[in-house]
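Every chain is named by a letter (A, B, C, D and E) in the order it is written, and numbering of its residues begins at 1.
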Amino acid sequence: MMPFTMPSLIAVDWWALGAVIALSVGAMLLLVLEFVPAPPASNRGAFVTLLALLAAAGSVLEVRDARRSLFDGMFLHDGFTVFFTVLFCVIGAVAVLQSWDYVKRTRINHGEYYALLLSSTLGMVLMAASNDLITIFLGLELMSLALYVLVGFRRTRLDSSEAAMKYFLLGAFASGFLLYGIALLYGATGTTNLAKVAMFLADSPMIGNPMLIVGGLLLLVGFGFKVAAVPFHMWTPDAYEGAPTTVTGYMSAGAKAAGFAALLRVLLVAFPPLMSEWRPILSWIAALTMTVGNVTALLQTNVKRMLAYSSIAHAGYLLVAVVAGGLDGGSAALFYLAVYSFMNLGAFGVLALLGRGAEERVTIKDLAGLGFRSPMLGLAMTVFMLSLGGVPPTSGFMGKVYLFSVAVKAGLIPLVIVGVLNSVVSVFYYLRVTVAMYMQEPGAEPVEIAWAPSAAIAVVITLALTLWWGVQAQDLLTTAQRSILGLL
Amino acid sequence: MMHDIPLAWMLALSATVFVIGVVGVLVRRNALVIFMSIELMLNAGNLAFVAFSRALGSLDGQVFVFFVMTVAAAEVAVGLAIIVNVFRLKETIYVDEINLLKG
Amino acid sequence: MLALIPALPLAAVAVNLILGDRLGRRGTAFLACGAVFASFVLAALSVIHLASLPPGARTMVADVYTWMRVGDFKVDVAFLLDPLSSVMVLVVTGVGFLIHLYSVGYMAHDASFRRFFLYLNLFMFAMLTLVLAKNFLVMFVGWEGVGLCSYLLIGFWMDRPSAARAGMKAFVVNRIGDFGFLLGMLTLFAWTGSLDYERVFAAAPIVFHPGTLAITFATLALLLGATGKSAQIPLYTWLPDAMEGPTPVSALIHAATMVTAGVYMVARCHILFTMAPFSLETVAVIGAATALFAATIGVAQNDIKRVLAYSTVSQLGYMFFACGVGAFGAGIFHLMTHAFFKALLFLGAGSVIHALSGEQDMRKMGGLASRLPWTHGVMLVACVAIAGIPPFAGFFSKDEILSAAFASGHYGVWVAGLLGAVLTAFYMFRLYFLTFRGSSRLTHEAEHHLHESPAVMVAPLVVLAALSVVGGFVGLPFQEGGRRLTTLEGGAALERWLAPVFGEGGAAGASHAVPHLSFTTEWALIAVSVAAAAFGIAMASRAYAKAAGEPIAEKAPRLYGLLEHKYWIDELYDTIAVRPIRALGDVLWRFWDEKIVDGTVNGVAYVVEWASAVLRVFQTGFVGTYALFLTLGVAALIAHYLVR
Amino acid sequence: MNDFPWLSWLIFFPLISAALIAVLPGTSGRTVKTLAAVCSIAEFLFSLPLWWRYQPGQPGWQFAEQHAWLPGLGATYHVGIDGIATLLVLLTTLLTPIVVFGAFGSVEKREREFYALLLAMEAAMIGTFLSLDLLLFYVFWEAMLVPMYLLIGVWGGPRRVYAAVKFFLYTMAGSVLMLVAILWLYLHQRAVTGIPTFALDAFYALPLSGAEQTWLFLAFAFAFAIKVPMFPFHTWLPDAHVEAPTAGSVILAAVLLKMGTFGYVRFAMPIFPAASAAFTPWIVALALIGILYGALVAMVQRDLKKLVAYSSVSHLGFCMLGLYALNAQGMAGGMMTMLNHGVSTGALFLLVGVIYERRHTREIAEFGGLWKVMPVYASIFLVVMLSSIGLPGTNGFVGEFLVLLGAFRHEPWWAIVAGLGVILSAVYMLWMFMRVFFGPLTHAANEKLADLTLRERLVFAPLLILIFWMGVYPQPLLDRAQPTLDRTVALVKQRLMMGDRITRGDVARPGVSVAEAAR
Amino acid sequence: MTLALFAAFAALLVGCSLMVILHRNPVASALFLVLAFCSLAGLYLLLHAEFVAMVQVIVYAGAIMVLFLFVIMYLNLRHDVEQGIAVAVRRGAGWILGILLLAETVAFFKGRWAEGPVSAPDLAPVAGNTQAIGQVLYTRYLFPFEITSVLLLVAMVGAVVIAKGRGPGLHPAAPAADAAADAKAAAPDHAGGEA
């Protein structure tokens, strides 16, 4: 009656699962290595992490054109997964490069740091690859738990701990909503598998079912929290500000991308029939998110915090792509996520270089005169700021062009206008950074720049990608379009 | 058992507990109590899962509850650690006394 | 060859600029005068050649190159010599040369000697361009060019604030006139499709109906231009101020040549004006009014050059109303004679000023006749000439104008002109008596430096004096061979010369409308005008020959005050135009720009910042608040579906 | 030789130069200056073939290059020139070396960055003029803001930060809506023809309904109007000009403002002829107001640069008036005014810069009697001023007259009102000139002012030559621009004729949203 | 019978839940939470989810809540004294919002509870509930199951990282001590963790 059958391991596509394996093995390896003494300045952890990330990315790229459904359709290996896995791995790698020196400087150079980094990357990969609400939930929790800890990693500092506490409490709170939403959806459709949900909805459209709607809404709350959409965004500035800067960069890029990956999969795979339901809501949320993020950022004096608000605003732009929906919206979101991740990572990477030892010098004032004291850093920061503001010839501009063109095509003209006007507002505060860097004299004690080769590599990578995608984004465009193709 | 409890009742109960949890989060200032309220919310979700599982006749819901409990346990470990750490640094876990980061 | 006439002074300018101070004073003087003299010779040769042509074919044309060609619009840089421009070109180059010569002496000790001749040559270029232009646009080049030079020369002594202001005033007022000129040109082009004189005048009768709005507008606009340049009401105010410039400039630009450009232009466009009776009437009225009006002001001025300036305005008024009554030839005639005697007057005055080391106030002169014999002599000639005593030049031309006005039935204009003649005689001899007669009121220092001018200054004076004496004879009705004076009807030499331009009988009664007067009437008119002049002289003699003070001021102080202050017209303009415009500018800038527009712009920024501050308030840093908003969001989302 | 990618070279050579200057390590100020000068002059020489080898009569884009750029979107790297672009590019390449030379004395700090930015700016400007692909155009159009922003913000006056940010935001605010319009056009075009492309030619042929045109035109016109700047979107200009360093002001006035007018000719008018026609009264009204307004406000300025800045508002009003007369003379006049304004106002800013370098003030009240101590400077100032007020014989007149002619033919009272600006321009300029150069030397600080150095004289020499050349013999310029302008007029009129189905009612009823219209 | 049990458990659940959020003493709150979990376990039993009920008691009421209590004791918290307008406002808002949410839910689901695929199938998976769950857990749900292992690992590591190291140095008011603590934290011998 009940045949106890192990899933055939032979049937498992090891390449496709390679990322998951590499990341978890890497994390465990790091923990084990902690028991092997190493000199305090050791880069062992970073090395292992890089290798793990490389292996993970390499593994999925090896079978990038394959399409696999594993574990009863819970884990999908498709273009979407490949895209995000690689994206997360590169984000992780850049974060590792940025952390390389940072963790030593700020005395948090523990193996656990990298282990948690890998774990959260694993969580992100799972969120992107999952085709089942259970695994999405688990991936989300895995990512979040690791991030809670990472945010509070500078545990001797109150701001870091406070940030962790807020992030954790609110994250758990939002998880509660998400979970309840999943429960309702499960009740309404009888399954947690996205494909089956879609099939169910296609067969018996029950647009008005309150369980379905409330479930969907609560799901939205959960993901909205992760991507920092208004009004679920309020944790963002505090968490970003308190977290170690490298972690901030990492989570602003990775966690957001993962949230959007999950959101996109859920909306595009499971809920196309309900499009008319979620579209207006998401439109409002998108408009609000853009506006609140940008407007609140205006008066910030702490650049880290300002960028936190900026990341909220970018969530708004991304939501516009999500609202546009379909192949176009999806690919635009993917495209924008990629460019956003690197320009944001780059910006935080630059910030992570400021200050001596454990101190953080990330107010606008601290940036004064930076542009001329360190031309390379100044140039990089300027490019990141302009890119975030959507000024050509940077990737941010290309991202906005593609994103807005998709939105225009979907007939979302008002939303697009809100978006472009918001980008004007945003330029104001991005310019303030350049104003400080180039147009103000440094104070009595100019901020020290903690240059390190690894950090320089990170800056160069992010800068190069930001500029390159600004002038030639065709490859990324094609990739984004192809990747989303697998989803639909 | 002669009869199953109607699903609607279970759901209403679950929703009530959920809302109580939400209110708890909103009205309390002790981080631990807030966290407990969150646990209430999770449990409300679990109740809904089990209820649906029963109504649908599938085990998926119960398995889900199992996972949720694991997650909850993990969250508790991390969360309590964080709260304890905050207490060490600040001598308080009242969330309205902790706002170094704001604005 | 025609193009060379204006080109020579321009070349002199270029040489002057390039060689700079290496030229030296002598070199500069030689270059400047030589260029103008060469122009004069060329002009004379050209005119002689012109005269050798049959009357119907007396035009010489020089097309240099195409200036602009845009669509159907095409303008060439081209020059034209016809009888009308020949008169002008001779006057301009001739008088111009004399004044150049005079200036060499007058400006000998000025630090900016070279700059002066630079401007002067530039002026000659512009003026000759104006006169010789073959189309309106090239004329406009000269038109604005002379304005520019006038500006530069009035402000020549630039450290005098009053000079700078006067220069600017001259330019701006002229610009108002130029605006009219521009509009006139635009209208003409819009209707006739060309700016070439020949084509415009040929097309005008076809495209315009006489008296229609279009032609009236065009001519009135041109008239506005003319009033600006020729200092007619309402744009005359700049000319008296222009006396801030060196005296040779006043003589050349503000008496002999530039200011007559308006008359020249009206005469040039006589075909258009005759098609617009209203405009023509306006010309006559403006001219007569100006003639009288300026004369009254001239009576009460004490600055020797200002008297002459108002006199110039007044005389230009005569030329205008000559044109206005259709006697274009008479206008040109008066233009010519006026050039002689007014240049002479100015130069003579300059000689006086030069002798007195810069003193211009007649109240501080007196009794100079014996000390400056040459100057006195030529000035007397000039005064007589302008007063209109036969057989001096002024008599012929002025009389022709007055009789034309009478003949054409403009009796009001005629009376005004006659009154003006009385006043002219009066103030000219007031000037004469105050300056040369009576007892000396010189300061001791001035007395000490007093000297007659050098030969280089006196020589042009003498030539001009001679011209003032005989210049009127070209207006005599010579017969073809120039044999005898029998009738006034036969058509004067100048008239006949101008006939190809203005048409037969274009002198006294240019258009067909003006009937010829009977012989007796003419003589009667002559008698009246001579009597008027004599009356004026007598009055002046009575009042000023011996007087040390100012009899009018004593007898009618209020009237004198009014006249002395030029009817407060400058102040009026200041109040109704200058100040309001400046105030408007201020309001627009301070209020509209900085408050409204920038206020809006900054207001948007401010509102956004305010919103930012408000939003930051919500970001309390408390977990509770954040959770509250999160929950509020959930509630709102569900509510959205509820109310939907 | 024929296949040499001149235009790309023109765009990228300054960019390469800029990068070179920026990265050359340890270079002294002297080397940097020399390098900048050599590069900018070389760029000018490279641009000369555009003058010699551009064939005015030929239809189509010349020197055209097209390469794949974003095939996924249909955007291509497509550059080419017509008569208008030729002249504007030449203006740019000519002015850049002048500005570089002019900056030798005034830029003391961070020279490397300064010259690098200047050259980068040149690249962006040239790119804007040359782009035949709307997306490419937009990229250059926006990219241009960055170097200018930095030039103002780093090397500017006391309120430079405010001015720089205002400049950036103001102009960007205008252009983002244009971006939306471009995207909409692109999608519409894709929907109509099925081919995704941003090519200008495709948009020229794209039929649009009245309501569509209205909205799209407004978006474009707004962006360009800010750039021009047309009243009442001009308030960024005085601030930017006053605070910018001399070089920045010159480039801003001479080239950047032309982007706006260029945009109208290149994009707004031919792509949206019906809307363009329908909005003509509005635009002309704004242009006329701008003419008078700029002049009136210029009159009461106390700061030399501000005065010149407001005079720009007035001049650009003439430009717009000419363009919207939509006839041969008006267009040519507008075109000439663009060039004239570039030369004359550029020179004026350089002149103001000269005096600012010496006295570190631009308050008119601080001067007086300068002619005495600086006769050469004063003379050059005089000539430039005269060209600015449009004295016949100088370049200013040709443009102004043609504009008036065109305007008069279209609607006489336009020319009458605009003509008042001619008077006012004399008033404010001469008044300023009087207060600065005439009268006695009232300030002791002015007594020892040095006249122009040889370098400065050399800087002005080409501008003076241009002033007279363009005034006396403008025909070569007109010949080059005319066929293109004629074609633009023809295109507009032809599209107006074709678009019979575009009823006036559609155009006059802007209540229809673009989104509705899209369906 | 079932109904009565349900009513009892439900009342207990709601009551205890309310007490959790109402009681001022966190220890009491925690104890009420334990009670609430137990009543939930009862409800699970009513729903034939024996395995879940058991785990609920063992894991939740047992392990998790003990941890809670342990921490509460460890922190030795004062009574929760809440006063002040801001607090009152927030509490008021919280309650209103809660009631609003409940009202919304009621309004939303009015008469449409449990719409969906629920067909109340007459299933009787009573027997072998644990076995059945175990079976799916290790087959269909193998993958999430493995993830939970990583999750727990991360939680463990995280808790250790955050909570490790204590002592007098850990005080925010003293930056010098802060730095010293940093130095200590950076020392390699701490790397293994010492919870």
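Definition applied: a contact is a pair of C-beta atoms (placed from the backbone, for glycine too) under 8 Å apart; a residue touches a chain by one contact, two chains touch by 3 or more.
Every value quoted in this text rests on a predicted model; they were computed, and no experiment measured them.
Trainee: When every step has to jump to a touching chain, what is the lowest number of steps that links subunit B to subunit D?
Mentor: Each step joins two touching chains, and the minimum needed here is 2.
Trainee: Determine the set of chains touching subunit C that also touch subunit D.
Mentor: A
Trainee: Going by the average position of its CA atoms, which chain sits the greatest distance from subunit C?
Mentor: E
Trainee: Which chain would you call central, comparing Cα centres to the global Cα centre?
Mentor: Closest chain centre to the overall C-alpha centroid: D.
Trainee: Select, from C-E and A-C, the pair of chains that is joined by more C-beta pairs in contact.
Mentor: Counting C-beta pairs in contact for C-E and A-C gives the edge to A-C.
Trainee: Go ahead and note the Å separation of the Cα centroids belonging to subunit B and subunit C.
Mentor: A distance of 97 Å separates the two centres.
Trainee: Using mean C-alpha positions as chain centres, tell me how far subunit A is from subunit B in Å, no decimals.
Mentor: Roughly 26 Å, centre to centre.
Trainee: How many angstrom between the C-alpha centroids of subunit E and subunit B?
Mentor: Between these chains, centre-to-centre, one finds 5 Å.
Trainee: Using the average of all C-alpha atoms in each chain as its centre, how far is it in Å between subunit A and subunit D?
Mentor: 42
Trainee: Could you list which residues of subunit B touch at least two other chains?
Mentor: Counting only residues that touch two or more other chains, subunit B contributes 11, 21-22, 25-26, 29, 31, 34-35, 46, 51-52, 55-56, 60, 63, 67, 71, 74-75, 78, 82-83, 85, 89-90, 95-96, 98-103.
Trainee: Give me the residue numbers in subunit E that touch at least two other chains, ranges are fine.
Mentor: Within subunit E, residues 90, 93-94, 97, 101, 105, 108-109, 114, 117-118, 132, 141, 144, 148, 151, 154-155, 158, 160, 162, 170, 172 contact more than one other chain.
Trainee: Would you mind listing the residues of subunit A that make contact with two or more other chains?
Mentor: Where subunit A meets two or more other chains at a single residue, that happens at 134, 138, 141, 145, 148-149, 152, 155-158, 164-166, 169, 173, 177, 187, 190, 213-214, 237-238, 428.
Trainee: With touch defined as at the top, which chains are paired up in contact here?
Mentor: Per the contact definition above, the touching pairs are A-B, A-C, A-D, A-E, B-C, B-E, C-D, C-E.
Trainee: Over in the complex, which subunit C residues touch subunit E? Could you list them?
Mentor: Subunit C residues touching subunit E: 624-625, 628, 631-632, 634-635, 638-639, 641-642.
Trainee: Which subunit E residues qualify as touching subunit A in the complex?
Mentor: 105, 108-109, 112, 114-118, 131-132, 135, 138-144, 147-148, 150-151, 153-155, 157-158, 160-162, 165, 170, 172, 178-179, 181-183, 185-188, 190-193
Trainee: Can you check the complex and tell me which residues of subunit E touch subunit C?
Mentor: Residue list for subunit E touching subunit C: 90, 93-94, 97, 100-101, 104-105, 107-108.
Trainee: Enumerate the contact residues on subunit B facing subunit E in the complex.
Mentor: Subunit B residues touching subunit E: 1-13, 15-17, 19-30, 32-33, 35-37, 39-40, 43, 46-47, 50-57, 59-60, 62-63, 65-67, 69-78, 80-85, 87-90, 93-94, 96.
Trainee: Where on subunit E does subunit B make contact in their complex?
Mentor: Result: residues 1-3, 6, 10, 13-14, 17-18, 20-21, 26, 29-30, 33, 36-37, 40, 43-44, 46-49, 51-52, 55-56, 59-60, 63-64, 67-68, 71-72, 74-75, 77, 80, 82, 86-87, 90-91, 93-95, 97-98, 101-102, 105, 109, 113-114, 117-118, 120-121, 123, 125, 129, 132-133, 136-137, 141, 144-145, 148, 151-152, 154-156, 158-160, 162-163, 166, 170-172 of subunit E touch subunit B.
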